[in-house]
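Chain lettering (A, B and C) follows the sequence in which the chains are written, and residue indices restart at 1 in each chain.
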Amino acid sequence: MASTKNEVSSLTKEKLVEMLEKMLAIRHFEEASIKAYQQKKIAGFLHTYIGQEAVGVGTLAHKLPQDSVVTTYRCHGLYLALGGDPKAGMAELFGRITGCARGKGGSMHFFSKEHNFLGGHGIVGGQFGVGIGAAFKSNYDEDNAVSMIFFGDGATVQGTLHESLNLAALWDLPAIFICEDNQYGMGTACTRAIANTDIASKAEAYGIKGYTLNGMDLHEVHDRMGEIVKEVRATRRPVLIHMKTYRYFGHSVSDAGLYRTKDEVDSWKAKDPIQVISRELIESKGLSEDEFKNLQKKVKSQVQEAVDFADESPEPPIEELTQHVYMDEAGNP
Amino acid sequence: MPTSMLMPSLSPTMEEGVLAKWLVKEGDFIKPGMMLCSVETDKTTVDYESMDEGFLRKIVVPGGSPAKVNQLIAVLTEDKNEDITQYLEKALKKDQEQLAAKSGPKAAPAPSPAPAAASNGSGPARAAYTPGPAPRAAVAVAPEPVPASGGRVLASPLARRMAEDAGIPLTGLAGSGPNGRIIRADVENYKPPAAAPAKGAKTEGPVQRPLYGSLAPIAPTQDLPLNMMRKTIGKRLLESTQSMPVFYATMKVDMGAINGLRAQLNRAPGYKVSVNDIVVKATAFALREFPQVNSSYMGDFIRQNANIDICVAVSIDGGLITPIVRDADLKGLGLISTEIKGLVAKAKAGKLAPDEYQGGTFTVSNLGMYGVDEFTAIINPPQAAILAVGGIQPEVYLDNGVAKQRDVMKMTLSSDHRIIDGALAAQFLSGLKSLLENPVWLML
Amino acid sequence: MAVMEMKEAINQALKEEMIRDEKVFILGEEVAEYNGAYKVTKGLLDHFGPKRVIDTPISETGFTGLAVGAAMMGLRPVVEFMSFNFSFVAFDQIISNAAKMYYMSGGLFNIPMVMRGPNGAGPRVSSQHSHNVESLYAHFPGLRVMSPSNPADAKGMLKSAIRCNDPVIFLENELAYSLKGEVPDGENLVPIGKGDIKREGTDVTIIAWSRMMSLAKAAAEELAKEGINAELLDPRTLKPLDMPLIAESVKKTNRVVVVEEGHYFCGLGSQVAESIYRDLFDYLDAPIQRIAQGENPMPYAANLEAATLPSVEKIVKAAKQAAYRA
């Protein structure tokens, strides 16, 4: 469970730049989506990943094509980290036919078949079964895959987590349960909702291993998750991981954030993974300021392209309303 | 490349707000995360956090000013000294156009749970349901029976009943509904074939009978089924007679003043005020004076009604109906007269709406035009009383031993003794008599 | 052609489909080593092994969710609910996940999953174990709902359900597991959405499904003695309803009785009735009669249970009323 802060990181400059770019892409995409929301171009729920980028980028660096990923409604970050198309993502937020779910899912329901990204789920804890189901399939087909199941601290007390941990432990399902603990389930601090806030310790109850990681430290996330994913792939035993992280914005856009102080938010912002990594690259890995600026520009223009694409895309045609209710049309009531 | 900062929507229902105060000034370098300004939304005041980066070059909406959501509030540039004149001009123009247009080009719907468009995707195509009467197409009367496929006449259950009540054979109707279904409108719009009834069917005045001593047969013995109206009248009045302890009181009224007043009133262009109109208004005033008479028997309690809604008994084809003059005490004679005429016409055409004949707090029934001197009317439950008015007759009376003539009208009040006692009935009649003998008081 | 019990017919369907497609697997409580709480899955563990016939712990949410995830990744799970009363524990997985995934992913992930088990009244098992769930599941777009009334239908329908690419709620009945019937050899698939006429008639159409069809059959015989010739229509699939078949029958008889084991208010029979009123208004000679369970939870006492459920007598009376022969 130790942090690898003082050990030599396995990350080369190139790899680090690649991951920084991914984090920047998520950050700017989310900022643009908030702005668009304030312009009433996006409506309904919008849960952004700002502050948690290191968790997603560091973990998914180890995903193989046959692996699957599932998460809660705070799903844009993972979608992008997997390689999802930001244009399709933004168009989905704008409710256009060119969206990754053809405008029928919205912010909480991003999916990607090519990346085995099983969604974007709206009900807290609704995704656990899906995740262990994918792990089950990997055993059934013997394809050596693992299933990564992301969830928030709020979901640790939902019954489905415990049923799923039990099933995974009982049946040796290669499922990696990753709790992105951003300290608050909506407006309720962990300490007010969870009797035992040492989430990794719950693993013991199921006879599996638990790990606690610093979710703001990209190096730690990347290196430790690399080891853990290998381990799960080899042993076919599930694991429970507690990633401590933070979200700078409210639970969703309509959250006034009255449950935490500005000082608290600021203290976490000081550990911002994007700041830390970009400084590391510039100060000790030979990245020039100009190169960094260009990287920023590149990402911003990609995001702007996505916004423009979404803006110009049409809404779904009315016929789309009744499509995809069933795959087999077998008559009507 | 300059960037536009637009007025943000900071609550799902916000359409406009006030830019209360700028927290930065022109020339400052803005970073994401910095608080730009305080915004008064429709709910509260919130600090607006920047998502953009750049130099704040121009504040377009000053602090303290209102702004609509998506209105241009400021311009940022990447480069400190970049020229923004052209950009600003264009942006302001776009702003004007957008504000002039009702909503933005691809305005997303207001955040709310997505309203489900009523989808009839499955099932046979159905026309959208529009409540209300079916379209009233003029229906041609078919002289031959109109068979549907298979020889059946399609008709809605309601249409069947209406046709039966009105004595119209279904085969005499053409249906305007789906598949030729006969519907309510078809029955309502039915025009009987050319052979018109012998007399203009006026229900007022004496019924035409063959000459006395004539051997010409009249109608043979017939069994006439009770239509809905007959049934209802019978049921209600039987109930009234059997369940109420009723007593009657009669008073004579000197109609001299009314005769004079009527003559004057009817010189006003467009008006023909009848005696009954005046009786209705006077009754309303009297009920003001004696509100206990304006009551309803509710079983466990008596409801003394605040509103004075007077039913006027109207004879129609097949029976009797009592359209209502609502708030009769508040309406002028002219309005009452016009209203009653309208209601009577509707009643005879069978076109009264339920709220026009259901309810009421007191009833006036007048058989004077048929030559009746006096009669006792049956109370309409749950009303407390009914006034039966006879015709105006001249009579001779003694005034200090001198024989004089006057026109007299008799009115009889039937009262429910559970609500009204003899003394009250007498006082009410007396008050009403005073009003009728001093009709100019009705101007008060 | 062979005569067998309903549970045997279901067993055969499961076995044949598991042989035909190796992506099909079964999971549920006691389905493997115990051979099934009602012995429906008897012998399947021996035949296919523990990889494909899986005993689950008592975790309905967990294993139903697992089935959804497996289906999203291409497998074809058949989930057994020991009874559909327990499906309520997994309701969120069924309604928010199974029914929605294909639509909210914009057509990326379909859910070829069957959920089967006993529905409705058991023998004297009281209120928590006697629910009829058809109208609850039929309400949500994205699910198919089927309910066989005899062994041949059960086999043919379950095979179709397993081959269907959408989630199917397959409602059996505990009291009917030992109902015997002829089952023809061979595939004999019953297509989804197709009902059939179990008895031809002219005077009144009695629509009934699952165990109620047995009652309706007995009622038809009673009615025949009084010269009333009833037509028995078994929709077999409850959603989607076979409206063309229903239309044909109603146009012929003009009177309808709908019999269901579930409660009256918002029971599936109310949809059947509304669909008939909507499409066949002009062919109705009388209002549609509905026979359903009373508006009270299922009691334990034998006489009360009998009084609250539909009976042959109630069906006969309703049919006579519809036919104006009461």
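Note that in this section a residue touches a chain if its C-beta (ideal position, glycine included) is under 8 Å from a C-beta of that chain, and two chains touch if they have at least 3 such contacts.
Since the model is a prediction, treat every value here as computed from it, not as a measurement.
Q: Going by average Cα coordinates, which chain is farthest removed from subunit C?
A: B
Q: Just list the two chains that share the greatest number of C-beta contact pairs.
A: Highest contact count belongs to chains A-C.
Q: Nearest whole angstrom, what separates the Cα centre of subunit B from the Cα centre of subunit C?
A: Distance between chain centres, rounded to whole Å: 50 Å.
Q: Please compute the C-alpha centroid of subunit A, do the same for subunit B, then give the distance between them in whole Å.
A: 60
Q: Express in whole angstrom the distance between the two chain centres, defined as the mean CA positions of subunit A and subunit C.
A: Computed value for the inter-centroid distance: 41 Å.
Q: Please output the residue numbers of subunit A that touch at least 2 other chains, ranges allowed.
A: 332-333
Q: Which subunit C residues touch at least two other chains?
A: Expected reply: 240, 243, 275.
Q: Using the touch definition from the top, which residues of subunit B touch two or more other chains?
A: 122-123
Q: Could you pull out which subunit A residues touch subunit B in their complex?
A: 31-32, 34-35, 37-44, 94-95, 248, 254, 256, 269, 311, 315, 318, 321-322, 332-333
Q: For a test of understanding, state which residues of subunit C touch subunit B in their complex under the given definition.
A: Listed in rising order, the residues are 240, 243, 275, 278-279, 281-282.
Q: Considering only the defined contacts, which subunit B positions touch subunit C in the complex?
A: 122-124, 126, 154, 156, 178-179, 181
Q: Over in the complex, which subunit A residues touch subunit C? Could you list them?
A: So the residues of subunit A touching subunit C come out as 68, 70, 99-105, 109, 111-113, 116, 118-119, 121-123, 126, 128-138, 140, 147, 159-160, 163-164, 166-167, 170-171, 323-328, 330-333.
Q: Okay, in this complex, where on subunit B does subunit A touch?
A: Per the touch definition, subunit B meets subunit A at residues 6, 8-12, 32-33, 44, 46, 51-52, 69-70, 104, 106-114, 117, 119, 121-123.
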